[in-house]
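Both of the next two complexes hold chain A, though its partner changes from chain B to chain C.
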Partner chain A sequence: MKYAGKKVITMIITLFAVTLFVFLAFHFISGDPATSMLGTEATPERVEALREEMGLNDPVLLQYGRWALNFLKGDMGISYSYRMSVSEMVADKIPVTVTLTILAFLMMVVIAIPLGIYTAKHVGGVIDRIIYMINQVIMAFPPFFAGILITLVFGRILKLFTPGGYVSYQKDFFGFVGYLIFPAFAIALPKAAMAVKLLRSSVISESKLDYVRTAYSRGNSTKAVLYKHVLKNALIPVITFLGMALADMIAGSIIIEQVFSIPGLGRILLTSISNRDYPVVMAVIVCISLLVLVVNMVVDIIYGLVDPRISIE
Partner chain B sequence: MKRKGLKSLLMIFVLTTLAIALTGCSGDKEAENSSQITIGIPQDVEESLDPHKMVAAGTKEVLFNLFEGLVKPDSDGSLIPAVASAYEESEGGKVYTFTLREGVKFHDGSLVTAEDVKFSIDKCADTSNGGPLVEAFSNIESVTIKDASTVVITLKEADTEFLAYMTTAIIPASNTAADTNPIGTGPYKFVSRSPQENFIMEKFDEYWGEGANIEHVTFKICANADSIVMDLEGGSIDMFPRVTATQAAELSDNFEVLEGTMNLVQALYLNNAVAPFDDVRVRQALCYAISPQEIMTIISDGKGTELGSSMFPAFGKYFMKELNDTYNQDTEKAKALLAEAGYPDGFSFTITVPSNYQPHIDTAQVLVEQFKAIGVTAEIQLIEWDSWLSDVYQNREFQSTVVGVDASNLTGAALLQRFVSDSSKNFINFNNADYDTALANAIASTDDAEKTKYYKECQTILSTDAANVYIQDLPEFVAINKKYTGYEFYPIYVQDIAKLKLADEQ
Partner chain C sequence: MAEKILEVSDLCVSYECARKTPFEKKKSIQVLKEVSFSMEKGEILGLVGESGSGKTTLARAILGMIPYEGTIIKTIENPQMVFQDPYGSLNPSKKVGWILEEPLRLKGGYTDEERHEKVVAMLHMVGLDEKFMDRYPRQLSGGQRQRVCIAGALMLEPKLLIADEPVSALDVTIQAQILELLQRIHKEMDLSIIFISHDLRVVYQMCDTVMIMKDGQIVERGTVEEVYFNHKSEYTGNLLQSAGIDINS
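The block that comes next holds the complex of A and B.
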């Protein structure tokens, strides 16, 4: 309980730091939301009147304080560009990015764990070597490049999906998930390759330890030793990696959303940055950092569950 | 045993993936028979949906379908009565009397009243927010409701072109959420908008006029320019206004590519207030250095219309084709002018180009090459559109920029007024007393022939003074699935969806 309390406080401080940093960053880049809103209709008088109306003439810290206070009250404000409620906008897009990340994570686990165990069991075999080689190549792929290749191979050549044929989850949930499969695959692939390699070497090094010999000497079969003893220990570093990978995937989906034209949090974030639409940028950043922080906390807890020796106190 | 387990696990995974992927594909084709169309647009409708506050051309072209003014533009550029059934101009263009059409309804079902008309015009003339929403409305003296169906607008100064501004949308005074819930009188009504995803509208059944043909219209945001051909061929969009010449060539027989013009003035806009462009000889030298024909050949297979001043052909009587010949490519003349101006060895400068618009970037690249021939080194600097707006357009901190300037309505002033020396939109800092006089005369003049003469004088001054290096009116290619017909080009930047119909309905 004490631990959880501590964690929450750290989380709040981190969030506070992230938002303040982002808020200040906007004051150092050129471009101004009022000018952006008025476009070519901007006259100095109209820009000034609009800045005053939006409170942009106040000191930066005052603006930040006002934003933070409203945010704590649950009011994320109104989008400068869309003039609609930010919470509504973000709530509409969160399911997209979350579904994409979860799909990618599941794919990574489903690909990496069996392959990792398999290659560890057959170290030095032909299949192990082939997988090892493929792994090396895939690891070098940045997700966006994997995305382009996947679009080309599965979309244009094999025609398994229509590039750009995104369907909203509100309209057709299965069509929506179907469209996300390939983008998720693009995110999962490089991470899965890393996980395979990690699990393989982790299992191999565990197998050389004394307790494994003891387990064998007690008359256990190879299968029992692997699944009951070795795997339990070998998974600990992999879980840490999976946690980090999940957090990284949330960020990675921002890029993949561009490649596959998926209107999720990432798309909103990028366009809001170029529109200088601060309320939306802030809200999206808070959402993404919150997701990352929560994932990290969950990983910490699972860590303790898997290995009771690691005390979270 | 274990190997088998692994294999079946992989198999299940692959099969589920495929199954879901395949269902995903079939989803796109469901609505093939109902009357609907999905139109790709490159930029989102990312601003207020209040027709008086919207500024982006990309928003205006979409919202054109929802709103109408007392009059509205037709595809040939003339103004036709809309919310008003008739109008009368009196006292030499000082008083305009509008008779409202009977039975025109807003999308919420209420009837348009004279109060709504007065509300809409007053709202645009309001100066409390740093200036009127429609600049020309500062000339309005009063808007009076004569009776339930007659509205009289009196101007301070006579303006025979004032009717063009009466395309300003009429909206209901009762709508308090105009920013997000647009209500107008147009042939389509608003359904929903999802940021970065789509903008959906449907046919308005109680429209006063002929109305739309296609029931459901979705504007889909296709931000990725590289996938537009794929989107069209794959069926996720049926139409895309403004494909490039290369994309047009890649399309299959299922699509028709219509060719029009974008109706804008693309030029290398020069900041006339900074060195070396404060010297008319330097500006003229740049004009002699380039060849619009060559630019068109390289960037769009020779399509496009050469321009010699701030006016494009859609304006008909005002357009002066002869100005194209003020400067024909002549490197010797250009070098001589540069030497005269004190730059015998040329100079270097920066061309600032908004990074979101490929034709302008391509044009800038050709320009750089053409300037090399006269010893001038130009460097391209790409910037975000928002930085362009604040740095170049607002603060005028630039040397030169390649953009297209369009007209918000069909008055000569729409293109020419910005170059008056004290105009807030004069981002190139053009300063010429003769020009200011000629433009003032053009606006004040009530005689059409005289007005045309003054507008032409303005264009000639821009050309001889080499205010900018004029290039072209860009070609516009509209790709549309052959299932649909009836597309019409307008001389202003709009997409009139009401004119579209299914091909087999003819």
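The block that comes next holds the complex of A and C.
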């Protein structure tokens, strides 16, 4: 429990550092928000009045404090280009990206763990070699290319879904999930290939250790040695990888959302970057990093449960 | 004449070499060449030879862990083995209690309390106590780990223990303690031991009889006194000489 508490505190500190960094970076990049809101023809007096009203003449750290506090309250500012609350714009995009990532993660685990164990058990067999070759090819795929292929095969040829026919989760949740399965598959595929390879080699190298020999000499069957002794130790590096992959998937979904025209966080991030809509960009960056940090924290806590050695130290 | 517990005759073991290309012919190396010997109850047999001479292979064949040709007649049940490296031979993610209970669980027929009692008794037997049940292997010293390994091997009260270089990974002071422990359980549990080692001094101290191996064959077999003071083969002489035990000259 102490270990989990430590992880939560680390996360909060990291989040503070990330938000401060994001705020300062945009403070210096974005120029004067008052000018960009009023347009270039506004009189200097009006700009100055708005600057005072928006608190832009205060010290930077005070501005950060106000921004962060508002952020915690759920007020992320006003979008320059849409003149609407950023919180509202972001709020209904988060479930889309989160669902996409969770689906992709589940697919990766469901594909990778059984295949990894199977190939490790049958090293050098025909199926192991075939999977090995397919793996090498898939790992080299960037997810957007996998996305294009999946659109072609499942959308155009097999007609399992309508490319571009995104269904909003507010209208039809199952239709929404049904559509997201395909982009999720595109995100999951390259990561699953890596996880299979990692789990396979982890099980193989773990099986060479002396305690496995001891386990056999105590009269364990091959199956018992694998499931009771080897697997738990072999999964430790794989869990680290899965955690990193999940964090990576959140970021990776930005591109896949473009390929499958899904209106998620990635979509508004890209449009608001090209519109120089900095409040939205900042909000999306903070949301994404918050998601990544939470994922990392959960992975660390699970890691401590699986491997007692970590929480001891 | 004591009762024979182990009789090995014409034991051959060969390993297949990994092929570099699928077109290569399958090659195999013969690791044991027609090994024959027998062992009596209560004997501590030292098995000596340089690396690659087939000592460990012989042990694994006796335990039935690898395929072999020839006959191995064991009149005792489930011989057990203690390995060289006490650091690697315990599962890092299991507690000592779990590790020691495992043989009992696999055999079955014990209640939880019986298993617990047996584990506690065995921990005392090897000079540890019940505090160790809740510890992970990495929290133990090398000597303590080797004691846990020995305890694990003894859980089902085997009549034959094969100790494969059990002390060569340990400090000299710890070595002496572990050897003492092995001698004590030899007496208390009526145990026969095959003691594999390349350290002729340790073998002299520990064993009743010695078997010298070279290239998968037995070069010499006899009591410690016979082999050390009156050896027949030149190879044994060389071994003794290079170990600094030059008794004959």
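The criterion applied here is as follows: the second predicted complex is superposed on the first by the 238 of 313 C-alpha atoms of A that agree within 3 Å, B and C clash if a C-alpha of one lies under 4 Å from a C-alpha of the other, contacts with A are read in each partner's own complex, and residues count from 1 in each chain.
Following the convention adopted for this analysis, a residue touches a chain if its C-beta (ideal position, glycine included) is under 8 Å from a C-beta of that chain, and two chains touch if they have at least 3 such contacts.
Quick caveat: nothing in here was measured; it's all calculated off a predicted structure.
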item: Chain B versus chain C as contact partner of A:Y216, first or second or both or neither; value: second
item: Touching partner for A:M297 - first (chain B), second (chain C), both, neither; value: neither
item: In the superposition, chain B vs chain C on chain A residues touched; value: B
item: Which superposed partner A:V110 touches (first chain B, second chain C, both, neither); value: first
item: Touching partner for A:D307 - first (chain B), second (chain C), both, neither; value: second
item: Partner chain in contact with A:E48 - chain B first, chain C second, else both or neither; value: first
item: Which of chain B and chain C A:N233 touches, first, second, both or neither; value: second
item: Doubly contacted chain A residues - partners chain C and chain B; value: none
item: Chain A-touching residues of chain B, taken from the complex the two chains share; value: 2-3, 6, 9-10, 13, 17-18, 20-25, 27-28, 44, 46-50, 55-56, 129-131, 179-180, 193-197, 221-224, 227, 230-231, 234-237, 384-387, 389-391, 393-394, 424-425
item: For the chain A and chain B complex, residues of the former touching the latter; value: 30-32, 35-50, 53, 79, 81-84, 89, 92-93, 110-111, 114, 118, 121, 151, 155-156, 160-168, 172, 174-179, 181-182, 185, 223, 258-259, 261, 263, 267-268, 271, 274-276
item: Interface residues, chain C side, partner chain A - complex; value: 63, 65, 78, 80-81, 83, 85, 88-94, 102-103, 106-107, 136, 138-139, 149, 152-153
item: Interface residues, chain A side, partner chain C - complex; value: 209-211, 213-220, 224, 229, 232-233, 306-309, 312
